[in-house]
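Quick heads-up: structures coming right below.
Note that chain A is present in both complexes that follow, paired respectively with chain B and with chain C.
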Partner chain A sequence: MRPLRFAVLAVTLGWLLTSSAQEVRPPQYAVAGHPTTIGTSGEGEGTLYLVGPGQVIKRHVRLGSDVAIAANELGSAGRWIAILRAGGRSPSQVFFVQSGTPESLSFLARPSRVPVARPSVISGIAVVFDKFQNLVLQPTPVKFSLSVEGTEISQTVTSRNGLAWVNSSSARKAGAAQFVARAGDTSVRRVVQQVASDPCNLRIHMAQRNPVGVAFETDPVRDCTGNPVPDGTIVTFTQSDSRGRSTVDARLKKGIARAILPASDKAIITVACGVVLGNELHLGGAR
Partner chain B sequence: MTPWSRILTGASDEPILKARDFRAVRFTILLLLVGSFAVLPPTTQGDSKPSVELNVEQAAPREVNETVAQAIARDYSAAWQALAAALADNNAAALNDNFVGFSQDKLVRRIQDQQKAGLRTRIVDRGHKVKAIFFSTEGATIEFEDTATLETQILDGGKVLQSERAQLHFWVIMTGAEDRWKVRVLESAPGD
Partner chain C sequence: MSRVLSIFFALLIVALIGVGAVHKSSTAPASSPEGAVQSMFDDVKAHDWKAAYSYVAPSSNVDLVNFQRDLAGRNSSLRTYSQLEGVSTRVLHENDGEALVRTELKYSTAVGASFDTRDLKVVKEAGAWKVVWKGEKDVNVPPQVIPVNYLRWDVIYRGPGDDWGAQNAENPRLRILSMNPTEHDGGIIIMGEIENEDTVPAFVSVGATLVDKNGRDAAEETSFDKTSHVLLPKEISPYRIDFPGMKLANMKSVRMKPDSMLVPAAADPVIGVLHQRIEKDARGRTVLKGELLNESGQIVNIPHVLATFYDASGRVIWVSDGYVDHALMPQEPQPFAVDLRDELASSVHSYRVTVNQYSLNRSE
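Moving on, here comes the complex of A and B:
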């Protein structure tokens, strides 16, 4: 029995020695887009698996040698697992790959259409990524600028946890505002259409009178900062007289709305656009 | 005449079920139940949605209301369920409803690489503790950090290459889409 016991002990010891020699040594510090090496130990051949958040790399390796991973191979930042499969065992190690330098931005700008001169109404969110679409967690300055018709406002915000955001007021001038986020050499542009706000000083006057009806029209309709209210905006004319009330909805055309109301000896004419009321005209009697 | 035929045809003056018949019926039902359990496919972890505890107290600049918080937690849970299914079956299509943008691109590549290498990843999801840190003013973008407890197995064919249970840390950005919140960024990072 003694020789048999010795043989079993020797085989077990041998297996333990050879198996414990197989190891995988990932890098202490790795950056996406940079070359790195994975160390292995042991004898013979095996298969190295590198399993990352957005990638898997498989290599046949000679144990005991370092495995070179090229710069363009290691693209995914985050938590990786290195597994060395050889001789029926598969020791593994966890390592982290950091994101590279900022090289792209994802820019969410809202809304796409906004009235002029409104405080904190435009929201811009920039998410900072490296060349391999990894979130850049290191603080990065992002410059937001909003320009329309030669006027520009800008603000620089340092990203936190990969994200920088800004709230901006809309400019006083209507038009297509260029909303740009810039980080380093990378910039992304979005267009925010700034449109005239509610009308200001809405006024009507009588344009023409005949036995059938009376034509009324507005003065050019503008908002409080002087921007013409867009054509197509509805203006409501209302006539109240002894027969009741007549209402006409007219669209702005070249900045002016026009309506023909029934002829009346004595009537009150009012005008409104959205929530804004205009002046009042009295026909017949005291005018 | 068997109790079943008496029940089905009603062709007898005897009471429909005698005491001894009850035993036969009970035995048959028991057999059927056992049989149905035997032929059903085994339940996988992917069939149940992982738990998500969402803390929105520190979200800024806008507060997250209760309804939105519930929707985000529900959709983030669904995203992890889809991710587990996609990695287990190497099926990138499973990601379509819950992932968008770079996060989807990266996971699709991971699945393609897994297929090439002959690997699969099995995830048993033990839940997520999520802390919101940013919620945009217009209410369409949220960023949060997630501490997830996951049991992961990497399989080569049917053989387990690597197995672990670990607490993992993720930075996540979700954006509101047409009918749900979708994961736009899912980035693993070292824990604090």
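Moving on, here comes the complex of A and C:
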């Protein structure tokens, strides 16, 4: 009876020893898009499950050997669990996979159209991703550059929690500004249309006179920084005389607005563009 | 018996259809000047142009086709989409041979009632009163080439294939230049001006919400057609929002909601507003009159006039609008008149007229 009891004890101890040797050893440092190995211990065969954010990897493994995970397999950054299923047991370990090097950017530039010479009016936010579209949480330098008509302003900002942002003033020159965000070898371009501001120093003069009417036209209409105000902008000519008031909402064409107003012996002609008033002409009377 | 009944009912139905189809028209000679005018417009109402024309004096020198076009409209103008609804007449003076009859015509149109006041001369010819109809002259624009090379704006919007970070073309920036709430006719009226500050055309709508003393939204309205909806860069339009049956004393505040959308648009046509002046019309009401001049080469079918009236401090005190029931032919002036409240006439220091247009042959 005594030898039998000893044998049962030995078998149980052996089984316990064997089973406790089944272990999974995830890497201390894993990076998405890079190869890595998962260590196992024990004897026999089992199944290794790697469960990560939106991704599961399953492998049949021989216990005691390392399992190689290829670079393109480990795509998702974040918290992973390695589970080894063998001999009716499932030892597991948690490990973290970091995002890879910056490979793509999402770049939000606002607004798409802005008047010139306005302080802190353009904003750009870059979101840094690796090649598997994992948010790159490691601080990454992002260079923002805004260029228009040969002038460029640039600023490098280090990303925090995957985001880098910048505020910029609009340039003094109108045109399609190229707003570029660059991180590593990747860059994204947006266009911010910098448009002329309100007209400045709006002036009219008489262009032509005939019995039917008098043509008035503006000098080339520009904003206060010298940019031509875009064609199609409304310029209102108003003539006041003894017969009443006549108005023409003329459109800028090639930088000049022109209107034909009724012929009058004595009249006052004024001009306005939006809320900006121009000069006043007196026809047939004292200036 | 049943056969007789069915024949009887069939005949009855035919008779009823006949009675329904035949409208009342009269061509009986008019025994009074007012009767002549009334009979003529009764026939116009019934679209019996021939019968109506029988009341026109031969000395009018107008043919049936032109007479019909005068009353039914031409060139897809607002008049062509309207129906004569009411006629009221008043004899201004009368003698044995002729009379002057003031005729106020009320048309119903898709954009509300339209009024036309005419002083018609009525003459007695061959024992019957006939209306002297002053026909509108068909405007014949001399053959010419009018170069129209204004800008137009097309818009490419963000598509489904674009990167999510790619920004769409921004909506235009608007600015409410002024807002003036007032009470009139037992309701609240909010009026002011709005400007498209941007460099692109905007489709604009102005809404307002009245907030009562408890902080709750009491009413919400938009300016509907009391504004220009398409504003070109730097264009200023008046707006007027009516809240019938509301009192300013019950309100705490007004929340304005200007909305804009980037839309394709063309910079033409240019419509000049000439010789604007405030006058009294034939009915003694205060009106702002003037002439519209279409400077483009295409017909503007339905012009819509918006007038803004300011007091001495430059505040908007009234916004009035009116549709012109005649189309604007190129280069031909067309008169217009919009109402001004009589009690405000003395406070009006200046005014501004803008013109909306609806044209059939324009694509945008």
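What to note about this one:
In the analysis below, the second predicted complex is superposed on the first by the 237 of 287 C-alpha atoms of A that agree within 3 Å, B and C clash if a C-alpha of one lies under 4 Å from a C-alpha of the other, contacts with A are read in each partner's own complex, and residues count from 1 in each chain.
Here is the rule we use: a contact is a pair of C-beta atoms (placed from the backbone, for glycine too) under 8 Å apart; a residue touches a chain by one contact, two chains touch by 3 or more.
In this text, all values refer to a predicted model and were calculated from it rather than measured experimentally.
Superposition of the two structures on chain A leaves chain B and chain C fitting side by side, clash-free. Look at A:T270: by the touch rule set out above, it reaches neither chain B nor chain C.
In the superposition on chain A, contact of A:R243 is made with chain C only, not with chain B. Once chain A of one complex is fitted onto chain A of the other, the partner contacts of A:Q133 are limited to chain B, with no touch recorded for chain C.
Of the two partner chains, chain C is the only one touched by A:A259; chain B is not.
When both complexes are overlaid on chain A, the residue A:S41 reaches neither chain B nor chain C.
Applying the stated contact rule after C-alpha superposition, one finds that A:R110 touches each of chain B and chain C. When both complexes are overlaid on chain A, the residue A:F96 reaches chain B alone and has no touch with chain C. Of all C-alpha pairs spanning chain B and chain C in the superposed arrangement, the closest lie 6 Å apart.
Shared contact residues on chain A (touching chain B in one structure, chain C in the other): 106, 108, 110-111, 127. Those residues of chain A that touch chain B in the complex are listed here as 49, 51-58, 76-79, 81, 83, 85, 90, 92, 94, 96, 99, 106, 108, 110-111, 120, 123, 125, 127, 129, 133-135, 137, 160-163, 165, 167. For chain B in complex with chain A, the residues that touch the partner chain are 61, 101-102, 105-107, 109-110, 113-114, 116-117, 119, 121, 133-134, 136-138, 140-141, 143, 145, 154, 156, 161-162, 164, 166, 168, 171, 173, 175, 184-190.
By the touch criterion given at the top, residues 106-113, 127, 188, 190, 195-196, 198-199, 229-235, 243-251, 253, 259-262, 273-275 of chain A touch chain C in their complex. Residue ranges on chain C touching chain A, taken from their complex, read 149-151, 153, 163-170, 177, 195, 197-201, 232-236, 267-268, 270-277, 290, 295, 351-354.
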